[in-house]
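So that you can tell them apart, the chains are marked A, B, C, D, E and F in the order they are listed, and the count of residues begins at 1 in each.
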C-alpha cells in the first residue's frame, strides 16, 4: 500500500477507536447521574475484551479464507499468525469496528444490566456473532457479499447487527424499574453533545477509511458522511419542532447520529446529492422510531433500536435506491433511481439474514449469560445506582 | 493529488469539522448553566445549516469561475455539480471553514438571541456574506487575492469576517439584561478548557491543511501555528498576572485562541521566529481588547470582537510585517521587516473592504431577521434561561 | 520524506499535542473540585513554556550534533536556525514529547504546589533535564542509544524521566494536608475517562508516529499500542476485582494508561503477541505499585510514580525480554525470549543512568525553585483550594 | 402553623410528593442533603484504596402547613417514604410564628 | 431571636441581598431548593417524549435576626423579591431559642 | 427536643462530625449553602474583569437532639469548628415539637 493510504488508514483506525470513548460519553450523558460510570465502564471495558478476542479468533473468523459456503472464515490467522504489514493494518482497522459494535448495544441495557453479565455477553457475542456477520458482509468470499449485497462501512454488519442484538437483550432483560412512569432525564447533555462531536469526527475514519485507500472513493465517502449527518440533524430537529414545538439539543445530536448510521452502508457508493435524501429520511424516520418503545413497551433505554437498528435498516435499503456504479463500480449494481431493481432485493435478503441470525443468536447468548451470571443488577443496586453498587465509585464528588 | 496529500486533506477536513463542537464547548463553558445548551445548539445546528447551503450555492459562489471584477463566483458548481475527486476534497475542506465562521459569531450573541433568529441569520449570512468574502480572499480570481492581499487560512475571511458580523449583530441585538451589573461568570471552565484543547488540535488542520498538500509549506504552517498559540497564551497570562495579580486558566485559554486567530492569515507565509512575535502581540493586544466592551458599552458576551476581530486584524496586518517570500513564494510580496512596504498597504486595503462590507451586510441581515422572526428571546426566557425556554431541556439534572 | 509520511507525522504531531489537554482532563477529574483549574492550568501552561524553550534551546540540546561523549547536542540549531522541511517536522513532532513529559509530572504535585514554582521548575527542567535525556536516548549519537540501549517512543526519555522527577519533586514538596487521613476522592470521573480516551487516541501518534514514516513499522507500533493498552486495562481491573471485589472505572482508565506507558519503549520493536504479555504485566504491576505511596509515605497525588515510573521501568526492561530484530532490525539486539541476553543488560544500565541523573537533577532544581519562589501554596490556599487562591477562578458556578 | 422537615430516601421523593398532593398540600420545598445515621455509609474504592463514606444522599423536604393539618402531613410522609429498612429517615415538626406570601403580602394561613 | 426562611425566585437573590444589607442585616445563608407550589412546573422534552417537571428551581434564604428586626426583614425580602407573578415564594418566621458565634463563643444577640 | 442548625467552614465538617459522634450524637443531615457575613467574599477574575463575590461556601448541619443534650451539642460543634478567624459560623437552637422515625413510626425521643 502507498504511504499516503497507510497514513490515512492509521488515522482512520485511531479515529474509529476514539469513537468508543465518544460513544461512552454520548451514552453517559443520557443516563441518570448514578449510572454514568457504569455506562462509561461498559464501553471502555468492551475495548479491552474485544481487542483480545479479535487478535485471538475474531479476525480469522471474519477474514480467514472461507471454510465453505461463505459462512465462516478459517483459522489461518489464529492469533494474528502471519498477519503483518498492510494486512495487519486492515486487521487493526477492522478491530476498531469489532469494538464499537458491541459497545453500541450497551445503550439499550443501560441502568440495569450487571457488569459481569455484560462482560460475558460481549465476550461470547464477539466470537459467535460479530465476526460471523462481518465475514458474511465484508469478506470477498462471505455469504452476503458474494451474493451481491453491499455494505460500504457497516450498516448491516455494525448497526443492524448491534441494533437487533440490543432488541434481543432488552427482551431478555426486561425494563428498568420505573420505565414509562419516571422521567429518567439525561443527567448531562453537554457530555452527550461532546460525545456526538467525537462520534461525528471519528465517523470520517469509519466511513472514509472504509475506502481502504486515500483516493477519490474516500473523498466521496467523506463528503456523503458529512452531508447525511448534517441533513439528518436538520430533519430530526424540524420534525420535532413541528411536533412538540421546540427544537432540542438532544434532537440535533440524535439526528446527526441517525444520519451517520444511515449513510454508513452507502457512503462510498452514492453521490453527494443522494446523501441529502438519505440523511433527510434517516432523521425523520428515526425521530419517529424512538417513540416505538413506549408504544410497544420495550425499554430500549437510550434508543439503540430506534437509531441504530432503524437507521441501519433505512440506510441498507436506501443503498438499493441510490447506489451508483458511476460513483463506484465496486457496488456492482445500480439502485432503483438508476433503474436497477436487483440490488434492493439483495439488500432486503441480506437484511433478513442478519436480522434473523442476529436476533436468535443474541437472544440465546443472553439466556446463556442469564444462566451463568444472571443478567440484572438486583433491585437495591438499581435504585442506589449501578455506579456505587457495582463499581463502588461516584461519578461526581463536588463536596470534598 | 498524491495519496499523501489526499490523506492530509481528509484529516484536515475532519479536524476543522471537529473544531465546531470544540467551539461549542469553549463557548458553552463560558455561559451560565441555564444557557449552555442554547450555546451548544447554536453551534451544532450551524453545521447542519451551512453544510446544506454550501453544497447548494455556497461553494459555487465562493469558488465558481469569477463572474467579473472578482466579486462573485458563477453558478457552475451549483449543487456541487461536476465537483468530484480532488476538487470535491477541496470543496469539503472549505465547507468546514464555511461552517465554523458563523459558529464563531454565536459567542457574541450568547444568552439572549432567539434560536429561530439565529437559524435565519446564519442561513442568509452563509449565502450573502461568507462565500462572497471567501471568493474575494481565497479564490485565485477573487477581488482581494487578485489584487495581491493575502490570507493564508482565513484571518480575513474567517476571523475578521466573523468578528465584524458579531459586532453588527451585537448592535442590532442590544446587551443582556444585567450586563455590567451582574457577574455572569463562566459556569464550567473545565468545559471551556476542553474546548480550547479541541480547537487547538483542530487548528492544525485549519492552518496546515490550508497548504493543500502534505509538503514543506504544511510543515511550516503547522509549526508557526503551534508557536503562536503557545506564545500568545504566555503573553496574555503574563499581561494579566502583571495587571490583576493572578494568572488565570481562562486567560491561558483565551490567549491561545487569540494566538491561533492571529497566526491564521500568516501561518504558511512566515518563519517560526516571526510567529513568536505574532503570538506575543496577539496575546497582549487581545487581552487589552476584551476590556473595550465595558468601556464602549456593547455586550459582546464571549469576546468574539475582542479576540476574533481584533486578533484577525492584528494577524492580517502583521502578515504585512513578517511575510517572507523566502518562506513561501506564494505570498508574493515581502513584509516590512524584509523591506517590502506594499503588502501591508494591500492588507490594510483588504481589511477595510472586509470590515465595511461585513459590517453593513451583517447589520442589514440582522435587521431583516429582526423584521421576520424578531432577534431576542423575551425577558422571561432570558431570565429563566434559554435552555428551558427555547429548547425545553435542562443541561444538568443531578437529582433524579 | 514522501507525502504520505509527512501526512502521518503532521497528524502524529497534532495527536501528541492533543494528549496534553487530554492529560489535563485525566488529572483534572481526579483532584478535588477546588483544585481542578490549577491542574488544567499547570498542564496548558506547560505547553506554552516548553514550546518556547524547545524552539530556542531544547531542540538543539537534544538533537544538535553531539558535543562529545554523547552527552549533549551542540548549539547548531539554536532558535531552530536552519531547521526546515522534514527536519522541522521532526523538531515539531519531538516538541510535543518535550511538552507532555513535564506535564506528566504535574499529577504528582497536585493540590499543593504553587503555580509560580511550577512555571519556574518546568522552565529549568526543560532545559537541564528533558533535552539532555532525550539526547541520550533518542539521538543517534546520544550516550544510551549509541551504547545500544533502545527506547522506541519514550519509555525512558518520557515516562521514567517524568516519573523519577515526580518522585524527587514529591520529596521536596511534602504531602498534602490530610494525606492518608482524608478521602480526597476524584471530583469527576467522567472527566478522567474523557481524558483517558483522548490520551489513548493521541498515543497512536506518540508510538506509531515514532516510526517516523507511514510504513510497516508504524503499523506494528500502532497494533502493539492498541493491544497493550487493552490488555493492561483488563489486567488492572481483574486484579482489583479479585482484591477489592469490584471492578472500577478508574481502574480501567489507570490500567489502560499503564499499558500505554509500558508499550511505549517497545511499540515498534515487538510483535503483537508480545504486547499482550507486556500489557498484562504492566496492568498488574502498576495496580500493585499505586499502593506503595501509602506504605512508604510519599504523597504522589495522582500516581505518577506508580504508573509512569513503574510502568516505564517495566516497559524498558520488558523490551530486553521481547525485542525482536525480526520485527524491526533497528532494535539491534534480540530480547531474552529470542535468546539475546545483552539487550536487557543495556536496558538496565540505561535505566540506572536515567534514574540517577533524573532524580538528582530534578531534586536540585526543586530545591533551587524552593529557594527562589517557594514550592508550596500556603496552608490557607491549600484549604480553600488552589483555584480560588492562586487563580481567582471557580471551576463550576452552577448557581448564577 | 407548623414547619415539617423530613429527611427521606431520594428515590421516595415522587411518592411522597404525590401522597402530599393527595391530601391537599399545595406547596413544598425540596433540597439535597447528606445524611449521617444508623444506616451504614457506602464503601468507595479509588485505585485500590478503600474509603468508608459515612454520609448517604438524602432528600430534605420542607412543608409549611396549618396546625390542624400537621399530623396528617406527618403520616402521609411516613407512609409514602417507608421501606421498612434502616435509613428511611426522620420527620421533625417545628412551630412557625408567621408566614407571608411574597406575591400578595398575605399573612398567616392564607399565605400558604 | 427569629429565624426567617424565605423561598424566592433565583434571579431575585441579588436584589434581596442588597435590600437586606441596606436595612442592616449582617449575615445570611443561602441554598438551592426545588419548589413545588401553585406555579406550574416546566415541560421538558427528550427525544420527543414530554415530561412535566413539577419542581421549579428556587433559592432558600435563612436569616437569623433579633426579635425586633424580624418584621422589617420580612418586609425587605417581600418587597425585593416580589414580581407580582405566581411563584414569588413564601417567607416563614420561626422562633430561635439560642444563637452562638463559633469564633468567639458569644451567645444571643451578640452572636449575630 | 431541639433542632440545632450550624453553619461552618467546609473543611471542618469531618472534625465536627467526629466530635458529635464522640458525644453520642447518632444522626445529622448536612447540606451546602453560600454564606454572607462579616467574612469578606473572594475576588474572582474572568478575562481581566474582577468580580467581588459576596458569598462564601459554607456547610450547614442540622442535628435534632434531646433537650438535655442540646447545650453539649452546641459546645461540641463550637469547639470542633473553631479556627478563631472570621467566618467560623453560627449555631442556632430551635424548639422541635415532634419527631418521627419513618421506618418504625416511633415518636419523640425514641425516634432519634
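Here, a contact is a pair of C-beta atoms (placed from the backbone, for glycine too) under 8 Å apart; a residue touches a chain by one contact, two chains touch by 3 or more.
Nothing here was measured: the structure is a model prediction, and the numbers come from that model.
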Comparison of A-B and C-D (more C-beta pairs in contact): A-B
Selected from C-F, A-E or C-D, interface repeating B-E by over half of its contact pairs: C-F
Inter-centroid spacing, subunit D versus subunit A (mean Cα positions, whole Å): 44
Centroid spacing, where centroids are CA-atom means, of subunit C and subunit E in whole angstrom: 51
Distance from the mean Cα position of subunit F to that of subunit B, given in whole angstrom: 50
Centre distance in Å when subunit D and subunit F are each reduced to the mean of their C-alpha atoms: 18
Interface hub residues of subunit E, defined as touching at least two other chains: 31-32, 34, 44-46, 50, 94-95
Sequence positions of subunit C contacting 2 or more other chains: 2-5, 7-8, 11, 182-183, 185-186, 188, 194, 198, 214, 244, 246, 248, 250, 392-394, 396, 399
Subunit B residues within the subunit C interface of the complex: 2-5, 7-8, 11, 15, 32-33, 182-190, 193-194, 196-198, 200-201, 204-205, 208, 213-216, 218-220, 222-223, 226-227, 229-231, 233-234, 237, 244, 246-250, 252-253, 256, 272-273, 276, 396
Residues of subunit E that touch subunit D when the two form their complex: 2, 5-8, 31-38, 54-55, 58, 60, 74, 77-78, 81-95
Residue ranges of subunit F touching subunit D (in the complex, touch as defined): 3, 17, 26-31, 62, 64, 94-103, 105, 111-112
For the subunit A and subunit C complex, residues of the former touching the latter: 2-8, 10-11, 13-14, 17-18, 20-22, 24-25, 28, 36-37, 40-41, 44-45, 47-49, 51-52, 55, 79-80, 84-86, 88-89, 91-92, 95, 115, 188, 191, 194, 198, 214, 390-398, 400
Complex contacts: residues of subunit C adjacent to subunit D: 183, 185-186, 240, 243-244, 246, 248, 250-251, 254, 287, 290-291, 294, 303, 306
